[in-house]
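Quick one: structure below, then a few questions.
Naming follows writing order (A, B, C and D), and every chain is counted from residue 1.
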Amino acid sequence: MSAPSRYEFGAGLWLFGQFIDRYATDAYGPPVGVLEAIDRAGQVGDLVTLDINFPFDEGVSTADIAAALDRNRLRCHAITPASYSRKYRKGGLTNPDPTLRRDCIELYKTAIPSARELGARYVKFWPGQDGYDYPFQADYEDLWQYSVDAVREVAASAPDMQFGIECKFKEPRTHMLFCNVATTLLAIEDMGVDNVGIVMDLGHSLFAKETPAEALQLAHRRERLTSVEVNDNWREWDDDLTVGSVHLIETLEFLHALRKIGWDDVVLLDQFPFREDPVQAARESIVTLRKLDALLDRLDVEALREAQIRQDALAAQRLVLDLFLGNI
Amino acid sequence: MSAPSRYEFGAGLWLFGQFIDRYATDAYGPPVGVLEAIDRAGQVGDLVTLDINFPFDEGVSTADIAAALDRNRLRCHAITPASYSRKYRKGGLTNPDPTLRRDCIELYKTAIPSARELGARYVKFWPGQDGYDYPFQADYEDLWQYSVDAVREVAASAPDMQFGIECKFKEPRTHMLFCNVATTLLAIEDMGVDNVGIVMDLGHSLFAKETPAEALQLAHRRERLTSVEVNDNWREWDDDLTVGSVHLIETLEFLHALRKIGWDDVVLLDQFPFREDPVQAARESIVTLRKLDALLDRLDVEALREAQIRQDALAAQRLVLDLFLGNI
Amino acid sequence: MSAPSRYEFGAGLWLFGQFIDRYATDAYGPPVGVLEAIDRAGQVGDLVTLDINFPFDEGVSTADIAAALDRNRLRCHAITPASYSRKYRKGGLTNPDPTLRRDCIELYKTAIPSARELGARYVKFWPGQDGYDYPFQADYEDLWQYSVDAVREVAASAPDMQFGIECKFKEPRTHMLFCNVATTLLAIEDMGVDNVGIVMDLGHSLFAKETPAEALQLAHRRERLTSVEVNDNWREWDDDLTVGSVHLIETLEFLHALRKIGWDDVVLLDQFPFREDPVQAARESIVTLRKLDALLDRLDVEALREAQIRQDALAAQRLVLDLFLGNI
Amino acid sequence: MSAPSRYEFGAGLWLFGQFIDRYATDAYGPPVGVLEAIDRAGQVGDLVTLDINFPFDEGVSTADIAAALDRNRLRCHAITPASYSRKYRKGGLTNPDPTLRRDCIELYKTAIPSARELGARYVKFWPGQDGYDYPFQADYEDLWQYSVDAVREVAASAPDMQFGIECKFKEPRTHMLFCNVATTLLAIEDMGVDNVGIVMDLGHSLFAKETPAEALQLAHRRERLTSVEVNDNWREWDDDLTVGSVHLIETLEFLHALRKIGWDDVVLLDQFPFREDPVQAARESIVTLRKLDALLDRLDVEALREAQIRQDALAAQRLVLDLFLGNI
């Protein structure tokens, strides 16, 4: 675990919080306060930075957060306003009630000073309630316009701050408006601002049926890649499993793509270890990420490039599989 | 809504309770006690029976439940022990801890007297935490044997009571052991008891990639169809939408199959109207079910039979589509 | 079938040809020449226009095609060069061999005079072999650049002609580069030409997990909607079934979106009736389309708009379902 | 490639034949006769046995096949009657025409003497045309009964011969009747004969959304596992890619399950290398299989068993991932 690594690692703070779902309504474990969650993150030992939900727990100040981060040698990487709680269950940016849409925009704006104070690299839009559940439920033009206008307004209000949209295919809505990388890039274009990009989540990409490496390069080509989150799933849902647990080869391809685009920034864990110890779950993902990245050091990049120029599937596969199997 | 109908309708009581998920951790609405939920069910006006989770709220007796049902002119259709709450987050029937497996069996046994007292037609197994999340996590033989043994023991302890297993592909686990109708029929066979059948859920069948009408007939052919639940989804997740909202044709085919097997029993709603009024959501499903069933009265069954003997897709489709479109 | 209709109908000529797949290698029926296929199309009686593959059969001239169309009172709607046959099995626009990429571009250019002569509205790119099958097989930047450059070159060579890209998620490749509407819009933007748009295929949209009505409006909003094709499938593959046979509600929503964007042009059938009579299969789709469109005449558009402003799923669903069920 | 291996390898002979699909109707390469295909299989160097389609090419006798096998040091593993060609496009075992159903049964019976003469271990049912494409198209009871009766009759006619059913979710039909392992086990039970089992195809299992290791153990537990075929895909279609190219971890888990059930028989390749050299594609899969199996020699089986007893996902994952990554 102490091997040097190309990347620093971060995590969404929710990884260390309390999990609940519609069945275990008594939650998968006891409540965890935000400061306690930061201490748990500190126990991982290999994390340097956190994406923190906003607002913080009642009675917890930005200074308290800063102190907790400090005592755990952690930084604030991003602030994610909670535009997905009960109040916004029918939508944050796209709520049919204009008052609630306004409230949601204000929620994002309110988060910006805290983000600045904590040195966050970006404020994250995670508009999970913005979409629809049923055919014919919504006017897609309205949803698009509401979303584009709201993000634009927030971003324009703080040109010094970066913003990132974490797109996802679905959940909690059956359909999210910012459903995949390409659609979100089009929306960002419509916004006409410079400080909005994409938070590319490997797992979201897998279950949106994208090829994650390809989607990453698409966002990068458009100069709209703000951040990178990783995990794994079974490609039909956002299972938020540990990294590499199902799609080992595509995870390697994603890391290979990160090298190709010259990514040398933080890579963040986005996991929901409902039934596992979160500190251990984070550690396992980091171990896997480091080993996968070290594997890439052994990749014969020239040979792969040759194979890809020929689009030679068998040759490319052999190179890659022998990274995993080659010493046998 | 007052049209006569072939079926009586019931519902899972959860339809009228509080919804929560991992994002809106403050829930989609305020808490709803079990007695209040029964009153809500009573407001639907067209429900006659309920599937009720067990144990009841603290301080609520079986007699209290009976009284609440009575004042709403409702019956108890089934009792569903909560083998999916925090205690059983790593499994109920298949928990790695033998003490918890034993506790889970006892939970089911404890529910039986209440089920008898309330006149329930069956006790339902909904083993949502029984499965696995990761490759290599579990020994599939163990899981199978634990499940088969546990259900057998419960069923054998109460030969006068019927039991039903509600199989589902996944959620909250990424993989449930009783994942579809065929697998569950094999497990029931291994149990070697007469009083265990299948609670066939239309939505679960859709997202297990079964053809629901075909799966229903399979369970019926084996004489293991205990109950029928209905809803709709987008075929990748158990979205628990109102009936017919996405798969109108397959819902009609399912109702047609119910006629073919001579089902004249209750049909239960299994919905999670996170963002809708539950009473209205239940009413809408019942309206749709009644109208779909009335549509079947107009179906030229002989002509359909002729088309199916020829396996003539176009002829069969025309007959069915013209039920929906024919008066144009 | 003689009811007046908002739309004229066309079809891909392949609907009337010989079908083959990897199992029935002796084909699903005897060979069908292009002129015979046009005659079959003429038998449908309700088709006005065809999308015709290019080059034509050996020995068949453009004049022969024109004559066959004429005698069947059909027009040529589009020309689709066969950049997916054996020669291009490893790619047309993106073939690793620059000579073959060049040949493919020339194939498209060669088709343009015939398209002009036949009065085609557009030349269609259907780059089914352009993509990849395996992880790590291809450099996604190369594929993107090859595709963008090739389409741009063809389009720039004939500014008087319209071009349309028919995007699809997969098949025959496991991954196509122009995989969905949003990605293709981004590529078109990169081309920087005015005469390239999207041929939006309802079925392709369904199995790319788009909401077809939403994707249609997205292409329209960007003023890049060139043409519309329809069919149905089971949402995991391009099954090319008759219209409305599985996704009746989403097909209606798609037709509703066509009205919203003011589409008054041809709607084309894209079907592969492997085991059905193609003339009858085409007729059935047209009957269904006309009836669905007539159903929309009864839709209370104001009430739907009201429901959508509130994003009221139950109200919107009731309005829509009662179109199908309301007269019961 | 010369490392000793637990398994001998075989292949479906189609791997070395001509590929065609509905787009490249001029095929992906020139025609390949059955004897030439056997010679190609011989070139792989590591194959010992073949699954051969029946009837053979016109003018090719069983003795010719035997000679071709002999000169390539190959054996006949299985005979697969072509109940999926044009004649049976509307069904083989389940064709609506009783004459064709009879013909299909006779086709299977006719294959038996050749299978005996060639020393085949089993005759394979691959009923790809037996199913349905549209909702309401077929009476599922009829299809079930036709299938069960037909297989029973064939099997009962040759009690000395083993038969295996290769189940698959779909293709060329949108729905196959023998869609997955559990359903097929139920059908075999209904047949009431001892000499019918399952040909378990790893890829078919993946895209039927089974966990292949679990499905394998299910078939084994019922003592109905006749044969094993391997390949990979993207889990939505039977892409027939080289082994381990997408689902490396689940392929390892499948091989682990083969060890658990004590499989020491042949493992057969089932691939369609449309755009690759088939001899090389076969070799690559065998290399991967041998290396994966060698990896299992290093697996700490006791530690895995301990982890699985605890259902400890993180511990099990670490053991498995470190097989792939551990030497870093």
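Quick note on the criterion: a residue touches a chain if its C-beta (ideal position, glycine included) is under 8 Å from a C-beta of that chain, and two chains touch if they have at least 3 such contacts.
Predicted model, so just to flag it, every value in this text is computed and none were measured.
Visitor: Tally the contacting C-beta pairs at the B-C interface and at the B-D interface, and name the larger one.
Guide: B-D
Visitor: Tell me, please, which chain's centre (mean of its C-alpha atoms) is farthest from the centre of subunit A?
Guide: It is D whose centre lies farthest from that of subunit A.
Visitor: Taking each chain's centre as the mean of its CA atoms, how far is subunit B from subunit C in angstrom?
Guide: So the centre of subunit B lies 40 Å away from the centre of subunit C.
Visitor: Taking each chain's centre as its mean C-alpha position, how far apart are subunit B and subunit D in Å?
Guide: A distance of 35 Å separates the two centres.
Visitor: Residue numbers in subunit D touching 2 or more other chains?
Guide: 90, 133-135, 242, 245-246, 249-250, 275, 313, 317
Visitor: Tell me, which parts of subunit A touch subunit B in their complex?
Guide: So the residues of subunit A touching subunit B come out as 18-29, 84-86, 89-90, 128-129, 133-135, 170-172, 174, 233-234, 236-237, 239, 241-242, 245-246, 272, 274-275.
Visitor: Going by the contact rule set out above, which residues of subunit B touch subunit D in the complex?
Guide: Residues of subunit B touching subunit D: 90-91, 94, 96, 132-142, 144, 169, 175, 180, 182-183, 185-186, 208-209, 211, 213-214, 217-218, 221-222, 249-250, 253, 256-257, 304-305, 307-313, 316-317, 319-320.
Visitor: Under the definition above, what is the set of subunit B residues touching subunit C in their complex?
Guide: 3, 235, 242, 244-246, 248-250, 275-277, 280-281, 284, 287-288, 291-292, 294-295, 313-314, 317-318, 321, 324-328
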